[in-house]
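Here chain A shows up in two complexes: once beside chain B, once beside chain C.
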Partner chain A sequence: MHKFWAAVFGVIIVLCIALFVVAAFVPGWWLPKQVSTFGDAADRLFYMILWITTFFFVLTEALLVYNIWKFGDAKPGYKAPYVHGNHKLEVIWTIVPAGILVLISVLQIGTWEEIKYTKNFPRPDISVNQIVVVARQWEWRIRYPGPEEQKRWERDPKGPENWRKLAEFPFEDFGQYDDVHDVNAVHAWMMDERGAGRVLIHLKTRDVLHSFFLPHLRLKQDAVPGKVIPVWFAVNDWNTAYDEKSKTWVDGFNHNTGQFGDRNFIWDLACAEFCGSRHSMMKGRLYIHKDRADFNKWLDFQQKAQNARMPAAAE
Partner chain B sequence: MSDSISHGAEAHAHHPELGFMRKYVFSEDHKMIGIQFLFSGIIFLFVGGLLAWLVRLQLGWPHAEVPILGKWLWSGSAGNRMPPDFYNMAFTMHASVMIFLVIIPLLTGAFGNFTIPLMIGAGDMAFPKLNMMSYWFMWPAFVVFLLSFVVSPGGAAASGWTSYPTIASVTMPAGQGFESPAQAASGIGQIMWLVGLIFVGVSSMMGSVNYITTIINMRAPGMTLFRMPMTIWAMFITAILQAFALPVLTVALFLQLLDKTINTSFFLPPGTLNFGNWTAGPGGGQPLLWQHLFWFYSHPAVYIMILPAMGMVSDIISTFSRKALFGYKPMVFAIAGIAGLGFIVWGHHMFQSGMDPRLGTGFMIATILIALPSAVKTFNWLGTTYQGNLQLTTAMLNALAFVSMFVIGGLSGIFMAATTVDVYIHDTYYIVGHIHYVLFMSSVFGIFAGVYYWFPKMFGRLMNEKWGKIHFFITFVSANLTFYPMHILGTGGHMRRIADPLQYEFLRPLQPMNQLISISAFVLGFAQFIFVANFLYSLFKGPKAGRNPWNSNTLEWTCPSPPPHGNFDIAPVVYRGPYEYGAPDREDDFWPQTLPPGVAKVPAEEAPHTAEQPKVEKEHG
Partner chain C sequence: MTCASGSRKECATWLSAVVLLAACSAGCGDPDGYSPELRYPVRTDPIIVKPPTTETAVPDRPGVLPIMNMLALNAPNHPLHSMLKDGPPLDPSVLAPNDRAVLQTTMDELFGTPLVPRTAGPDAEFNLRLREELDQTDAKLATGSLLYRQHCLHCHGLAGDGRGPTAFWINPHPRDYRPGLYKFISISDPQGREMRASKEDLARTVRRGLDGTAMPAFSTLSDEELSAITAYVIHLSIRGEVELNSMKNFLTFPAGQRTWDNDKEMIQSWLPTSGDNWFSSQQGAVVTPKPYPKAYESEEGFAQSVKDGWDIFKTPGDKQGGDCLKCHTDYGRKAQFRYDAWGTMVRPADLTLGVYRGGRRPIDLYWRIHNGIAGSGMVRSPHFQPTTKDEIASGKDRLWSLVNFLQVLPYPAMREKYGIKID
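Showing the complex of A and B:
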């Protein structure tokens, strides 16, 4: 009977590992496509921990199954060795895991700093795409500086300096008459070789906690009532193009095949912090344009559409 | 010390028989209080399980029309489909019931109460009346939790068991009712949730003071600290955790209760918040304050929910391996290490919360280091079974399942402790999988192990081994099928607490996995009826157990089964540690802590069971 139980434990463990192996090869069962600049490093850290933990998982479970298999039939009259411990073993299995664990945590720090520390955020200048995201139940309200405003900044000889001031008196607090608004759609463009196109988001919420989650970017940040939390990212790929049929910009565009509707090129924006009745419906999409020119075309288009709806705002 | 104990034993021996109320209801006897905690815990295990089924029903088949049940619960506008508010209530109350009314009361209330005096050789707890009150303070919580399901408007709390402001705390101005402007389904239910939790907290508080005092003051002669069984060490350190962490939660609960009822603003930020056409604030507080206070308790609470199980499992594994616990002192230090570090890691719940990320780095290092004492414990359990003479009783199988599953829960924790990796898997099903590997696969298997192990001492009868093993087999397999695939969901990015994963393009391929989990969860729930049937049948019809059916060393096995009021008919004196199994030059393979030196064999009256229990012997023969 003891061999049966050893087998039960063993089979469960083998199935656990098998599920991870299978999942890695089934489309949609594993980490989604990764498109941000820091996502590769984050994924590498994930795999590093996965390999280390898998090793210790197999080691400990194999020992357990072996012990049940080998010593599981209690023999009457047999006495187990009279052993109370082993100092040397204790030292080894304290020091070795301690070293590995410290190593794991130290290796996290660099990428964590890159993603979250404000000192590593893009300095707000004209190359940076600043966006205000206001979460509310249950949608993402998004505001871009209008095209004219951006041109003014560009023309201004003291542009970058003004930008810095704008960061101090951030435009997230003072909406401009020509700001472009959108809901549940974050637009940006693929970062170019010179690093233009990094996105700086001023994240706010007007009611409860929400969490700005872009799974394809390996990025997540809670929005907290009363706080403006900066979030940054830059994307290495693009998924949005003008669709002649629908006369607008559409995501899901695979630039390799030239086809729309590719699942790997639909990048969801989700709310990851519980926010009430329709929490699961608080979703948006991330639209990454090929370059800044295409983004600006969209911005113009969006502003015209907005002015057509509200003519007074254009004055 | 010895005087008071023998005194107690004598005094109680001549006690007149207590009436029904004093004996079974308002009992001051630690054993009866433990059994009361056990019964209410098992009852609420089914309440929590039912709520889990409802959660899984929705996640497996989001917003599907539900036959019969749907007509009964959600007829009308929802069209026999589960509304998202009901789903939110179900997952909130599932977690709240399981954590506060099942796992903590079972581990510390049931097993803590039952084992502490018996295993240290005391006649009862230090403060029997306080002990009685600690159980009866659970009852207001039982009542308000259950009543909250039927209050109108809204029903039970639906803001998650973490009850984060502002969604949980915001309320209408005085005179306009208690319905939450943030959430239609969270008004009076949320207030009842807060009140219930305050009672649970006070109950645990009274328990912990009692445990600490009893363990420090009332040990039998010879029972030095380092002769205490691991169960007692674990209960002791757990009680210290409770005593230090609970006041913080209690304060936080009171603050939120004030926010919720009389419109204070401890957790409302200094700005206005807009809910539809209703504006709240400005307040003078911070939503993040709650998270700090809450997790300052609730992270140690995670250890409150696992350390006692670790202690119990250590004793059970050593007993049924017929071999000394490997590395007793390192095991004690590991528990102390987990508890000590447990106080400085709460920030890892807040890596993505908007807390300064530099704090996150510090919390990460402390958190990852907790894996170290956990690893030491695992290696020592493996060392104990290595070359042992393993008796695979049901209790032992459950204890081994604890070890096996705790490894998964511990290792998956490293992913979330690592800040960078956590950015992605935070608030996904990865954490749901992890918490269930720790709280279900570890704590609940530890509880099952404890029930099968101490049942003969509690009720004087043995549980049925065959049905116990069938129960174990189905539970072990179906629980793994339920909780393991959650790691895959999390790796795929599946957010927790969403009512409808099909909303998202990237989650649709994972739906078959969600259905597998749901079906396994239904099987897992049904399997628990086997346990209850076995429990109830054995209570009345199980074979009679002697004093020491498992040939164990610790003190409780020298009492009659069940022990009388006052516990010990012979005042115990302790001569050695609890794990002297397989000592050479002795006839028996065990060496009870109370057996005087020089006595070669355990006297028959202390082990009269072996003849009566051929079944147990056969099972592992």
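Showing the complex of A and C:
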């Protein structure tokens, strides 16, 4: 009978490993496409931890299966010997995992530093795309400096810094006269060779804890009430273009094939901190434009829609 | 490995594992829908006749409004307690059992159930109009009902009564569709009759959300999904209005004094009343603003129009002004809470915040001033548009001036630039 259970555990462990192997080849089962500058480093850490845990998981499961198989069928009346323990063995299995944990914590420092240390954040200047993201139950309200404001920055190098200061006012989300507003859609452009196009987000929340999560960028940051938390990223790829049919910018654009509707090019924005009953539907999209010119075209388009003085049908 | 060969214990383990798996897969296979037995409930909450006119500096306590039954009003500290003396609400719970039964069956015939909703009366031609002009097809309503269950029900309630489980804890309270009043609409009746809403208005509200309220934006839904939700909201609204009017009839005319012979026909007759208003509220009724004055395009012209708008905002009504400060006290910063047509508490907007529920586009602000905001006490003011020959010749437009002023008002830098002092 115990041989049966050993076989069951053995089969399950083999199936688990097989599932991992299969998942790597089935679209949508493994990690989504990675498009940010620091995402590869985050992925490397993930794989490293995955391999370490896989190794020890397989090791312990194999020992378990072996022992059930070997010692399971005891003769009737057989008394199990009492084993007090093994000091040396315990020291080893405490020190080795501790050493591995210390190793992981040392190896992740560089990646964490790149993504989260404020000294690595882009200094607000004209090449940086500043965005205010305000989370609330259950949507993302988004605000950009308007086209006129950005034109003023060309003459006034302190402009971007001043905009940041106003954006970081924590209590009310005031904004400025010519800001461009949107909801559930973050627009940015692909970083160019000179490094222009890094995105600096000022993250706030109006009610409870939320978490700003861009899975395709391997980026996650909690939004905490009363705080303005900076978040930065830069993207290596693009996914949106003007669609003549729908008369607006549409994501899911695969620039290799020139086709819309490619699942690999739809990049989600999700909330990753349980925030209420509709938490799972607090979703947005990330739109990355080909270059700054295309982004500016969208910004003008969005501002024009925001300044509409006539109903759409009468225009 | 059968129960015969193994011990009893092992058999129990295997059985429980099988049962667990079966239960799990049965749970997973359950379609996300209503039970066929579920019917729309007949209204039980009081019908507000005359909301109190008192104003207070603080909103209602969480969990108190909107009211569910007359009993709640008996508590002396209930915010609507004073209604019992002046303008008591009609109480649906005193409806005679046979009246309630005929109402339930007739309403079920007209509007179906949450699983199979329909909007159809005895008149085939009218039903065709409902399908063509208001998308009240069975397929669309069924889709809309499912989406409504998923996205809207927990605030707006099963019957669209604005009394879902979360409704009591959010302020402003979610909309009750049954009176057929909608706040943020693009349409207006020249005679000043209350309009419903155009399909586009409802879809815009769902798509963009209402900033500053608990209504989020559902911008990731597709256009088809939005139009299904819109159709279903219209269905609930027409249903609620038919029920409301029939119930008012039953409650105001006791048996024996009724002005109608057949209860069923009386209920059915309210369908065209509500439907017609929805028909006339569609696309053709959208208010197109007067053209934006050329003079306002220049910097000086704009500055002048902002000043003009400020004057209209401050000037009392008897001096041809807007008298806006009367309700938007201190530009809304000290506005008091008051009761709206639904018996919930609202406050005139704080216009210095730059948060606009009905949208921040100039056209949205124009519609708010021109059309008013139904049920809230914000009156319609189409008279600010230039109408007389002199006004048109002057090249000025008082309504556009107000809009320009409102757009400048929230921003300290802009107020300084245009010489507006509000402190």
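Heads up, the rule we're going with is that the second predicted complex is superposed on the first by the 266 of 315 C-alpha atoms of A that agree within 3 Å, B and C clash if a C-alpha of one lies under 4 Å from a C-alpha of the other, contacts with A are read in each partner's own complex, and residues count from 1 in each chain.
What we mean here is this: contacts are C-beta pairs under 8 Å (C-beta built on N, C-alpha and C of every residue); 3 or more make two chains touch, one makes a residue touch a chain.
Nothing here was measured: the structure is a model prediction, and the numbers come from that model.
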(Q) Quick check on the superposed pair: does A:Ala293 touch chain B, chain C, both, or neither? Answer first, second, both or neither. (A) neither
(Q) Comparing chain B against chain C, which has contacts with more of the residues in chain A? (A) B
Q: Go through the superposed model and pick first if A:Ala7 touches only chain B, second if only chain C, both, or neither.
A: neither
Q: Please indicate which partner A:Ile17 is in contact with in the superposed arrangement: first for chain B, second for chain C, both, or neither.
A: neither
Q. After lining up the shared chain so the two structures overlap, which partner does A:Lys283 touch, if you call chain B first and chain C second: first, second, both or neither?
A. both
(Q) Looking at A:Val58, would you say it contacts chain B, chain C, both, or neither? Reply first, second, both or neither. (A) neither
Q.
With both complexes superposed on chain A, which partner does A:Arg136 reach: first (chain B), second (chain C), both or neither?
A. both
(Q) With the touch criterion stated at the top, can you tell me which chain A residues are shared between the chain B interface and the chain C interface? (A) 1, 136-137, 277-278, 281, 283
Q: Over in the complex, which chain A residues touch chain B? Could you list them?
A: 1-2, 5, 8-9, 12-13, 15-16, 19-20, 23, 26-32, 41-42, 45-46, 49-50, 52-53, 56-57, 60-61, 63-64, 67-68, 71-76, 78-86, 89-90, 93-94, 97-98, 101-102, 104-105, 108-109, 111-113, 115-117, 136-137, 206-209, 211, 213, 215-216, 218-227, 229, 263, 266, 268, 270-281, 283
Q. Okay, in this complex, where on chain A does chain C touch?
A. 1, 4, 136-139, 141, 172, 174-177, 181, 183-185, 277-278, 281-285, 305-311, 313-314
Q) Okay, in this complex, where on chain B does chain A touch? A) 84-85, 88, 159-160, 164-167, 170, 182-185, 268-271, 273-275, 286-288, 321-330, 352-354, 357-358, 360-361, 364-365, 368-369, 371-372, 375-376, 378-380, 382-383, 385-392, 397, 400-401, 403-404, 407-408, 411-412, 414-415, 417-421, 423-424, 426-428, 473, 476-477, 480, 484-485, 487-488, 491-493, 495-501, 503-506, 508-510, 513, 579, 581-584, 589, 617, 620-621
Q) For chain C, which residues are in contact with chain A within the complex? A) 1, 6, 10, 151, 154, 166, 186, 208-209, 211, 214, 216-217, 219-220, 283, 286-289, 292, 353-354, 360-363, 366, 407-408, 410-411, 413-414
